[in-house]
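Each of the two complexes below includes subunit A, the first together with subunit B, the second together with subunit C.
This part shows the complex of A and B:
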């Protein structure tokens, strides 16, 4: 009985349907108004959570559009875990399918980038790969080394300039410039020393990181980067990864 | 390094390691003044009311948040960036009178 009441109440506050109304004892004012107090609190809180997790998406479409879209998401996808930092997984896919965002084909990828950034923020701690560990590998073993991504490392590739869109929509940027929306970009997210970093990387470097993340050996990962872009500067890329903590450890197979 | 061979790979790794070691501060100094605060969520996330205390949940819910359909209007940066916003308009959501 209590469980059923709780389920009905939950369905009521996460939808637009007053399912719990027959169970509410009449007192002051219309029942639907009183139910609305709880519904508004729950839905507004969840919309605020989404706004915290997707600030750039919000800035692109504006606060009111975002609130309307977020509310549709809340109703269709109420939380399934009692942890607000996990809420919003699936919002990017929801945006991609949303008929009102079709004029902004890059918006879903921007939301994916923001979600990946949040994942990086909450990911487990791990030390960054020590350059000395790499230096200690015998030259003939180097191609067989596997570089393991740090738990906070995320790679995003898009057919749109998502890094540029993200960068110009930060709070301290007053004038948002015109952008060519048909430029593909790869973004690497890492978290050296507890701070989430977001950097644009070359397609080749993206292919390299992706190969490493798939468990490929260094020789193979570098080869794939050259296939993606013959002008790949491996030394500069690796140096950048070492400084930014893209990887956490290496294994020798 | 335009093609992969052992020699160039070795040289590139050695170069990257040397440069990274030069740039990277020692672990001890980098950790100084930083600590991870466990169990703390991002600002405002775990709160019902606004983080700045400007309004409580109760006050928020008194506003007609759950009123009519919200207006879908473009008011963000998308037009400034050269994006198209037409898709937001004229797709049949009735405009509410109060302006949500």
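This part shows the complex of A and C:
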């Protein structure tokens, strides 16, 4: 039965056990060598997908540790769809629960940040909000405007300095400086055209974006930003969102 | 960018994730996504592999081998027919590179493919390097395989380089797409083109990619073979 054979084949390539050996033939040489070609491609190709999606996580723990951790994930959680751009959702949670990463409490949040960055990269195209559309709103109507997030926009908050950790672990940074780990950071990810923008924003600005994303009107979103941090600079934040394409359109309720 | 290219050139879409050999059938949501893509791209050629990669909903990201039996033929035929119905277009099915064979197989791969063509009306994508790699790994004659292929069904040819791993008894050829097309594969290509005539040919090189000029030279070599052999064919007719 083909179904049974495919189950046995899967068990073989996701373990060290050559369970499929009695069913297959090698014209010459050991059959285990032939099975290893498939096992290697299945595991290595998926580990490579994770390494491409989580380069900073890999740099922090090192290639060998990353490969071992990724192999465990691949075997336990193979992709559920033949779209490799979607593979890795759940890897951050896997890292958070992984016994051997408990000494790096920020690692899972770094992985979440990298996943959000990947989501932004593959998100649907959409135009960035046209500043003229905002300028055309009558001043007394402005509080009732809703700013709709661009499909690529992701907001990430952490009790760790994840933007700093991410920035100093880029390939072009040779010496990683000491970092104060007791700093909370919010990161906003956007992709106005083809390039993903990733920047640290204030807690107030984070509260503002989160409120907009929840469908709150501008007046309410600004109020929530002031609650989070009284020193919120709305003009500067808005300017920044227009440049980086955080929003795609506005609706007037 | 793709929209721009599509205006100027015919596009060939080549799949690796449809898993036409899955005993559990095709993933309906993946079929739907591909249908949406193809109805937008309107590919001139559409191809997939004679292999499987999905079992119990898990995608294993490799072109895994199939036993060539009547049961497999029924399953693959049903899957190919469903895909063709969904896309409203003929599929070209590619012969895979394989590293082992199954004790349960009752027919050679070329016979399996011929029956698949007959059952579904699909075409073939002949990967000449895959024939060579499989022939070496499974001890059959690549030219004999080629001689059995119905060339009128072939809509596209693939060429690639492979690596040779281990020596002696343990020697295994791996389809790595990481180097030049070897002389034996060029010889097979000539033999295929002599029988088939000119046909869209793709050189697959997706690891350890060399300078663009070297890729161009490989492509030019295939073009030269096609041109010279079709001139030869014309000269014979005249």
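Everything below uses one rule, namely that the second predicted complex is superposed on the first by the 235 of 253 C-alpha atoms of A that agree within 3 Å, B and C clash if a C-alpha of one lies under 4 Å from a C-alpha of the other, contacts with A are read in each partner's own complex, and residues count from 1 in each chain.
We adopt the following convention: a residue touches a chain if its C-beta (ideal position, glycine included) is under 8 Å from a C-beta of that chain, and two chains touch if they have at least 3 such contacts.
Quantities reported herein were computed from a predicted structural model and do not represent experimental measurements.
In the superposed model, A:10 makes contact with subunit C only, not with subunit B. In the superposed model, A:31 lies in contact with subunit C only, and not with subunit B.
Contacts of A:45 after superposition: both subunit B and subunit C are touched. Which of subunit B and subunit C touches more residues of subunit A is settled by the count: it is B.
Contacts of A:84 after superposition on the shared chain: both subunit B and subunit C are touched.
Once chain A of one complex is fitted onto chain A of the other, the partner contacts of A:23 are limited to subunit C, with no touch recorded for subunit B.
When the two complexes are overlaid on their common chain A, residue A:140 makes contact with subunit B while staying clear of subunit C.
Annotation: subunit A residues 37-38, 41, 45, 49, 84 touch subunit B in one complex and subunit C in the other. Residues of subunit B that touch subunit A in their complex: 1-4, 6, 9-17, 19-21, 23-24, 30-31, 34, 36, 41-46, 48, 57-58, 60-63, 65-66, 69-78, 80-88, 91, 100. Interface of subunit A with subunit B (complex): residues 16, 36-41, 43-45, 48-49, 52, 58-69, 71, 84-85, 99-104, 106-107, 121, 125, 131-132, 134-135, 137, 139-140, 142-143, 165, 168-169, 175-181, 193-194, 218-219, 222-223, 226, 230-239, 242-243. The touching residues of subunit A, when paired with subunit C in their complex, are 1-3, 5-7, 9-10, 13-14, 22-31, 33-35, 37-38, 41-42, 45-46, 49, 78-84.
Within the complex formed with subunit A, the residues of subunit C that make contact are 16-19, 21-24, 27, 29-30, 33, 52-62, 64-67, 69, 71-72, 75, 99-104, 137-139, 166, 168-172, 174.
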